[in-house]
Structures are given as structure tokens and as C-alpha cells.
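Next come two complexes, and both contain chain A; in the first it sits with chain B, in the second with chain C.
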Partner chain A sequence: MERRKFIQSMFAATAVAAIATPTTIFAEEAKKKTAKKGPNDMTFDEAVKAITEGKEVKDSDKIKLTVPEIAENGAVVPVKVEVDYPMTEKESVTAIHILNTANGNARCADVMLTPANDKAYFATRVKLSKTQEVVALVALSDGSFIKAGKSVKVTIGGCG
Partner chain B sequence: MDINRRDFLQIAMALGLIGTVGGGTNLFAGEAAKEKIKNLTFSDIVDFKAKGKATILHICDLHAHIKPLYWREPSTLISAKNLVGTPGFICGDSFMKHYNIKAGSLDQYFDTYNDFSELAKKFGKMGGIAHMKPIIDHVKKERGEKNVILLDSGDTWQGTAVALKTDGEAIVNAQNYLGVDVMVGHWEFTYGKERVMELIEKLDGKFISQNVLDNDPFSDTFEESVFEPYTIQEIGGAKIGIIGQSFPFTSTANPKRFTENWSFALRHESLQEHVDHLRKKEKVDCVVVLSHDGFSVDQELAKKVKGVDFILSGHTHDPSPEPIIVNDTVIIISGSHGKYIGRLDLDIKDKKVAGYNFKLIPVASNLIPADKAGEELIAKEYKPFDKELNEVLGTTKGLLYKRDTFYSTFDALIGQAIQEKMKSDIVFTPGYRWGTTVLPGGDILKDNVYEMTAITYPEVYTFDLKGQVIANLMEDIADNVFNANPLLQQGGDMSRLTGATYSIKIDAPSGKRISDFKIGGKPIDVKKTYRVSSWGGNLQSAGENLDKETPAVYEVVSDYIRKKKVIDIPLESNVKVLDYDCGCPAKGAKC
Partner chain C sequence: MAEARKAMIKIKPKKYKVGDTVKVDFIVIHPMDTGMQKDKKTGKIKPAHYIDNITFSFEGKPFTTMKVWESVSTNPYFSVNYKITGKGKITVDYTDNQGEKNSKSKKVKPKE
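And then the complex of A and B:
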């Protein structure tokens, strides 16, 4: 079932393209934008802006993001986020946001944390429509943001 | 390190086997030459410069071939530019040059496709358990039974009719006969979880894997290893820690239903933990990873994981006469289809590997007296099916083979048979790397058809796909085969197409590799709906208007051959490679 959706969404994204040129089938596709489909649809950049209110976000190796290189099943991709950061009254991680870069809605999960959580850790599963990046965007108590991203390949497979 | 291939080469030269590589001339003219081939004996084949006290024997990708067969290595083996010309991505002339193999030798016959039909007439079939066993027995006699272990990198239980019809049991019996001590898996899993567990019970050896986790959140063992992750074996007075790696992409390469709630991945972090544990806590003298990751993936793995002495690889079916060394890890792989037994001698001193020697022993069936017990076991396993499997369906004019990155004659035959039966515009046949070879003029037995198609999900599906979806699918498959990052490849070849032609630029970016795609001789229309048939994959899940009739692929192909009687498949590929000039490029994409 999830494969069908994956294919359908791929098709929906390119259905308006005319007959492909002989040189590359994807020449037209690159120019097309995914049409908005739902009320919560938001691009990755829009979602980041909504969370950070336009503040600068730095890549950080304090975030350990664990995702598979190739998804076993695009409908349930395990994502683990651990942040190497103090969890004290003075300084702490206040939120972990998990985002994707190519689904209709870029926001997968928003988790609010307090020092009482003791550890900045969250694991879940997300749905990915196609090969794309999963990004962990982390809010810190000083009002700054850090992030880390990794690519996940979603494939129909076919080779043995 | 002495590979001991030299002995072979000397023999080959002494036989006067001089000819041009790739030439079609008879290299063995004259009765005198024929007489000399007979002089190549068993002791030449097993000749080995022993080292230390412990020996590991390695087999991989038997694909259930308990009988000898013909198996021709690939005539096209193309990958991303950074990988082409390196072991794992060389074939034919580039392989011969890389390993300095002489024309007309037994090595040429076993390791390459060059002059295959000619050499097959002289050297005969390859492999078979009754011919593997004398080699194993010989090594055990030489080294002492307790100093030798036999490790199997998997893809053992699937690939022939006798395996399919006994749900794998005939092959487990064969493994017990050979004395397999430890194994890992891939196609094994296509018998389904329950059957896998039953067969492991029947196996005298152990089935290990550190990278298969129970992923059912409602089970007691959630996120725990399904199998024992490692085993420790003592041979030649040394403690050998062996960690298992089953195929990391089983759940995308084969139907998920067989392994529901089992999670497969490379899991190099937990592999590192096991290595450290074996070294520090168990105080082993040597760490071996028994793997079905694939040759190129294991070369990447060796960069990520420290403290592994040897990786015994499998999956990609490469014969590698010499080991590959990455950092401090030595990687070997022992071909496929029972053609070779890898012998790895270990010299362990001061709790460390002080030296080793490795050789791929070719199982040249005609030069090895068959073991009687093995022949009896084969006869017993085949007896219930002999009548069906020995049926001569027809004959072939040309060579029927499987291995090639894009096209093969046996796959073209399968595609034709399906297209005629299902009346489809286009047929997808999987780019598996297992199968068989039928020599020009040879009979095609029902058994041969099974050797190409014996899977537990043989249904041929026929359905509608839009041109755009077909185009996207081909790009998706191409990205799995030609990705520059071995970790994102899945070790197979391109799906074979019947009813279509295309050009491909291997080094173009993902999604832009394929051009000039034609279906039925006309450029693909992305808006048009095509009738598509496929087997052995997941494509039907993307289709609509699925035909109720889903015949078994081996029956469709058998019926077609019976009807045609004489099969004549052209050697030319329906795929044009734009950025390489030959099928077996050397390093730097040179032809």
C-alpha cells in the first residue's frame, strides 16, 4: 500500500509535464513545484522559519541523528535524536523538532523538553514519500537553534 | 603472499594453451593437447602452501546447486566511475589483466566469460557437492579435522528446483553433508520466518547474524537480535570470534511479508561493539566477519569498523583470486554457484594473526573424483522430481547465460515467453545474479528453467503503468545499481526489459541517467498507459488493473520453449551504454 502512495505522489508531482524530451525524462520535472495538497502543507524552509522566527540555525555535531541509509519501509522510518547538551536549570535543550525536506508537510514531530527530562533524547518513526533528508532542529534555552540532517533513500527496490 | 595460482598457470602453459584473449579460435587443437588436459590432476587443484595451524574454508552463494553446472561469469560489469576497474567491478579482459591470468587456462574458464563455450567443452562442468567434498576432506586430512572450519556466507538454500520443492531441506542436508559450521543468510529468508527457524533446527551448524533485529513493538524481544550475533570457534589452538552479517537490504530486495517485523540494516555501530567485546572480554585471537553484505559494501564496512582481521564476503558473486586489504582488514569472497572453495590458512602467534595464506580452489568437477556419498545424496534428493526436471523442453542455438549488467540471453528468453503469454507491452525481469548457463546447441531441461527462476514468489503479474511511472522506476532501479556510494547500492544488476530499448549514462546524476527510452519501437509517452508484466519484484504494487491470472514464471517459460522447440536469442543488448565503450572496462573507465 505505501508503495502505491509513494508512486502516486511521484506521479502527482510530474503529471502536468508534457512528453519527456529524448535527452532526459526529468528535464521538465525539475521545473515543476509540488502542488499544495493539505491545510498543513508547508515547505521545509517555511517550517524552519515558523519555528525559529527567522533566527540563524547552525549545523552542530552536538546532535546525534540516527536514521537508516536506505529505508526498509518509507511509511515507518525510525529516527533517533540525541543531543549532547546539559539539562540543568541554567541551560538546557527546550525542544527537538523533526522535519523532512520533501514530504507535503515538512513537520514530522515537535517535542518540548524541560530539565526534568534529564536527557535530550527522542525516538520516533516518520513517513517519507521519497528519497530526502531528515533534519533534527533543536532549540536551546538561550534562544538559539542548532540542526543536523541526514539523507534517507526510499526505493522500490527490485534487485536481488 | 603466495597465491599458488602460478602452478596452474605453469600447467596451462605447459599444455600449450596459447591463444589470443577473446579470440574464437580453438585453443586446444590436436589430440596431444587433449591428452595433456587429462594430466591436470586433483593434487594440482588443491595444491596449497600451508601456513600456521588453523584453516577456514569459505563458500558463498551456492544458490542450491548441489549438482555440477556451467556458470559463465559476466560479460558486462559496469558501475559508477569511482568503482569501475576495481575488484568487484572487473570482468573478462580487465579481470584477466588485473590477476595476470593466461589465455586458455582453467582460471580463465572459471573466472571470466572469455572463450567460455570453447573452454567448457574442454574443462566440463563446475561445482557440485560431491566434488566439493573431496576438497574439504583433503584439507581436513592435511590439517587435522579439528583445525578446520567451514563457513558459509549464505544464499545457499535457494536457486534450484530441488531447493524450492523441499522448502530448502535438500540443501540443508547438503550443508550437513559438507560440514558447514556457521552460516548467515539472504535468500534463505524467502522461505518465511517460520521455515527459516525450522531449517536452522535441521542445520548441524550455526546460523548467526548481528544485524537482524526483532522490530515488533509488541514483542518481548523488541529491538533485540533475532539470531545469535556471533560464535566463538577454537581451531588449531586459536580462539576465532565469528560475527554474522546477513544481507542488510533483505526487506527492500525481497517481499516484506517473508520477514515481517524483522529489521535488516548494515548496523556497523553494533558490529563494532561486538568486535570490541570479542577482543576485550572474550579475548579471542582473531575476529572474522562472516558476511552477505556484498564485496564493495564490505570494503566500505572495513573503513568504518576497526579491529576486524578478516571479512568473508558474499552476495555479489565475485571470484577474487587475491584478498582485498582495507586498513588492517583482509577481505575475501569465493565466487558463486559452488565453483570455488576459499582456503584461508591462519598463523596465530601471541594471540594475534601473524600471517595467512589464501587461495580460491576451483571446483573443476571433471578433475575431481566424485565422492560416492555425495552422489547418493544428490540422487536421493532429486529422485522424487527426476521425471519432471529431466524433461527436454527444447534446444538452444546460441549460448544461454545470465550474468551481465543490463541484458542476458536467458533473461531475454524469459521476457519473450512472458510477453507472448501475457500480451504485455513491456516485461520486467529481475537482475538477480544467480542462474545457469546452457551451451550452444545444448538441450534446455526443465531443471535449467528452474535454475533461472526457482523462487518462492514466482507469480508473473500483469498490470497498467503510466509511462511516467515506468520512467521513474527505471531511474530508481538505476540509482540502486550505479550509485557511486556502495552503501546505497543493493548488489544486483539492472532489471532486464523486454519490449523496450534505452540508452544510459552511468555517471549522470540520479534521475537523469536514462534517455532515448523506447517501448515497442516508439519513444515512451509519459502520459500513456502501458500494459506491464513483471516477476520477482515489487512493481505490481505500483500498478493498476492487475490481471487475475498470475502464472508461475517457470511454467510460462517452459511452455514457451516446448512450443518453440529451438531457441535462438540474439547476443546484442537492448541497452546502449553512452559513457563506456566496452562491457569490462579497466580502471579509469578504459577499454
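And then the complex of A and C:
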């Protein structure tokens, strides 16, 4: 019996896969789902625009972003950001924004820092729905923005 | 629903002097529901419930403010740096999108 069931289920699985092979359909459906459901959804580009107000964002190696390469559980992904930039009254890091590229809401956390922090550092844990990039967008006191991104492979998504 | 949430502030390292830069960790027990998950018992979609604003302050002076969305994990953990300036109290105030307001504080005792 068990063997029969197993073979049957195998056939069923291949049949389903054959019907819905175009992966684009899957992707579109997933997009629609996330777009409909979330209460305050925002795509990555919109979020960047809202933060920078259209200003240029440069990639920089001053930001040290630490994320795991492979996250087995997408519900808990540790993120650590360190910025090699002075924190004085004259020039400082004013904000660290943690963004993701594929969740329904691209914003994870906005952290406003002051010179009392002494060193620009922030650590937290975020949820990632699937394999995507985590981006740290850093605002400097002179009004410019720098960013650094790293992709995280997620085996099990963390957004229910 | 109105019970106080469990929260914790940790200062790392444990021993510090005036002028040292320490890490202030804040952990709170909170579901951080995204508003997309189904309740396994009832089958209904759970409403979004997440922390949205956090303020770290020392003796009433805020030194770090955060805006947080639902993409942060359940039982969130936040860590920032802080330069010790003297004796006092670090207070963390946090609110969530359902109007809960809480705060937690910890004494700062630098060694001389």
C-alpha cells in the first residue's frame, strides 16, 4: 500500500508541476498576494525615495553590514550595521535605515542616531519572506546618503 | 491585554567607566504580528500588532529614536552604542500600533 501511495503522490506532484511550469505566474501571484494583504506595504524603490527624497545614493565600503549568507529560518535573521564615520557635533551619522528588497513592506527599521552614541552601530533581527537583499541606507549629517547591501539566502520564509 | 510586557535592558560589557562606549541592548517580548498570518486555532487572520516607535533616553534626554515596522522579528532585539557620561538611568519607551505604551529603565553605575 505504501509503495502504491508513494508512486501515486509522485505522479500527482509531477502533474501539478507540469501544469504550472511557468514560474512567472508564480511570481506574479506572489506579488499580488503581498501587495493586497499588507497593511502598510511599500516597495524597495518607494521606500528609498521616501527616505532620500530623490537624492543620489552611493555605494560605500564605510558601512560594515553583517548578515548571514544563508538563513535557515527567515523569521529570525540577525542584522548588524557598523559605520566607519565620525560621530561629533559637526559631522555625524544621523540615521541608519534597514531595508529589504522583497518583503511586502520594504522598511524594517529607521534608527535616528545622535553624537551621544559615539559610534554608529545598530543590531537587530528581521524577518525575510524569501531569498533577497538586505540593504543598510545611512544618512550623513551633510545631507548625503550611502548604502551597502548583501543578499541573504532564505530556506524557510518568515512571513507566515 | 493590558498586562505589562516583559522587557530587558542589558549593558555590555558589565563593567564600565565614565567615557567608555558600551552597547545597550533592549529586548522585549512582543508578538510582532504582520497582519498576514492566520491564527492556527481560529483560522482567522490575526490583526497587525507590532512595535512602531522606540526611544532610548538617558535622564530624560533622548539619544536614539527608532521607527520600526512589522518586518522585525518576534520578540525583537535592538542594540545601539552609548557613551557613558555619568550616573543616571537609561530609559526605553516603546509604543505599538495598537496604542500600548510601555517603558523600561536601568540604572547606570560607572566604576570610578
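Keep in mind that, in the parts below, the second predicted complex is superposed on the first by the 119 of 160 C-alpha atoms of A that agree within 3 Å, B and C clash if a C-alpha of one lies under 4 Å from a C-alpha of the other, contacts with A are read in each partner's own complex, and residues count from 1 in each chain.
In this text, a contact is a pair of C-beta atoms (placed from the backbone, for glycine too) under 8 Å apart; a residue touches a chain by one contact, two chains touch by 3 or more.
Everything numeric here is computed off the predicted structure, so don't read it as measured data.
Participant: Just checking: does A:N100 make contact with chain B only, chain C only, both, or neither of them? Give me first, second, both or neither.
Facilitator: second
Participant: May I ask you to decide whether A:E72 touches chain B, chain C, both, or neither, giving the answer as first, second, both or neither?
Facilitator: A:E72: touches chain B, not chain C.
Participant: Is A:C108 touching anything from chain B or chain C once the two structures are fitted on A? First, second, both or neither.
Facilitator: A:C108 contacts chain C only, not chain B.
Participant: Let me test your reading of the model: by the given contact rule, A:K64 touches which partner, first (chain B), second (chain C), both or neither?
Facilitator: neither
Participant: Given the touch rule stated above, what does A:T155 touch, chain B (first), chain C (second), both, or neither?
Facilitator: In the superposition, A:T155 touches chain B alone.
Participant: A:K55 contacts which: chain B (first), chain C (second), both, neither?
Facilitator: Neither partner.
Participant: Quick check on my understanding: which residues of chain A belong to both its chain B contact set and its chain C contact set?
Facilitator: Touching chain B and chain C on chain A: residues 158-160.
Participant: Help me check something: in the complex, which residues belonging to chain C touch chain A?
Facilitator: Within the complex, chain C contacts chain A at residues 21, 23, 32, 34-38, 48, 58, 61-74, 76-83, 85.
Participant: Mind pulling up the chain A residues that touch chain B in the complex?
Facilitator: 1, 3-4, 7, 10-11, 14-15, 17-20, 22-26, 29, 68-73, 153, 155-160
Participant: Enumerate the contact residues on chain A facing chain C in the complex.
Facilitator: 37-40, 75-77, 100, 103-105, 107-114, 116-128, 158-160
Participant: With touch defined as at the start, can you tell me which chain B residues reach chain A in the complex?
Facilitator: Of all residues in chain B, those touching chain A are 187, 249, 251-254, 256, 263-266, 428, 430-433, 466, 468-469, 471-473, 475-477, 479-481, 487-488, 490-493, 495, 508, 511-512, 514-517, 523-527, 536-539, 541-542.
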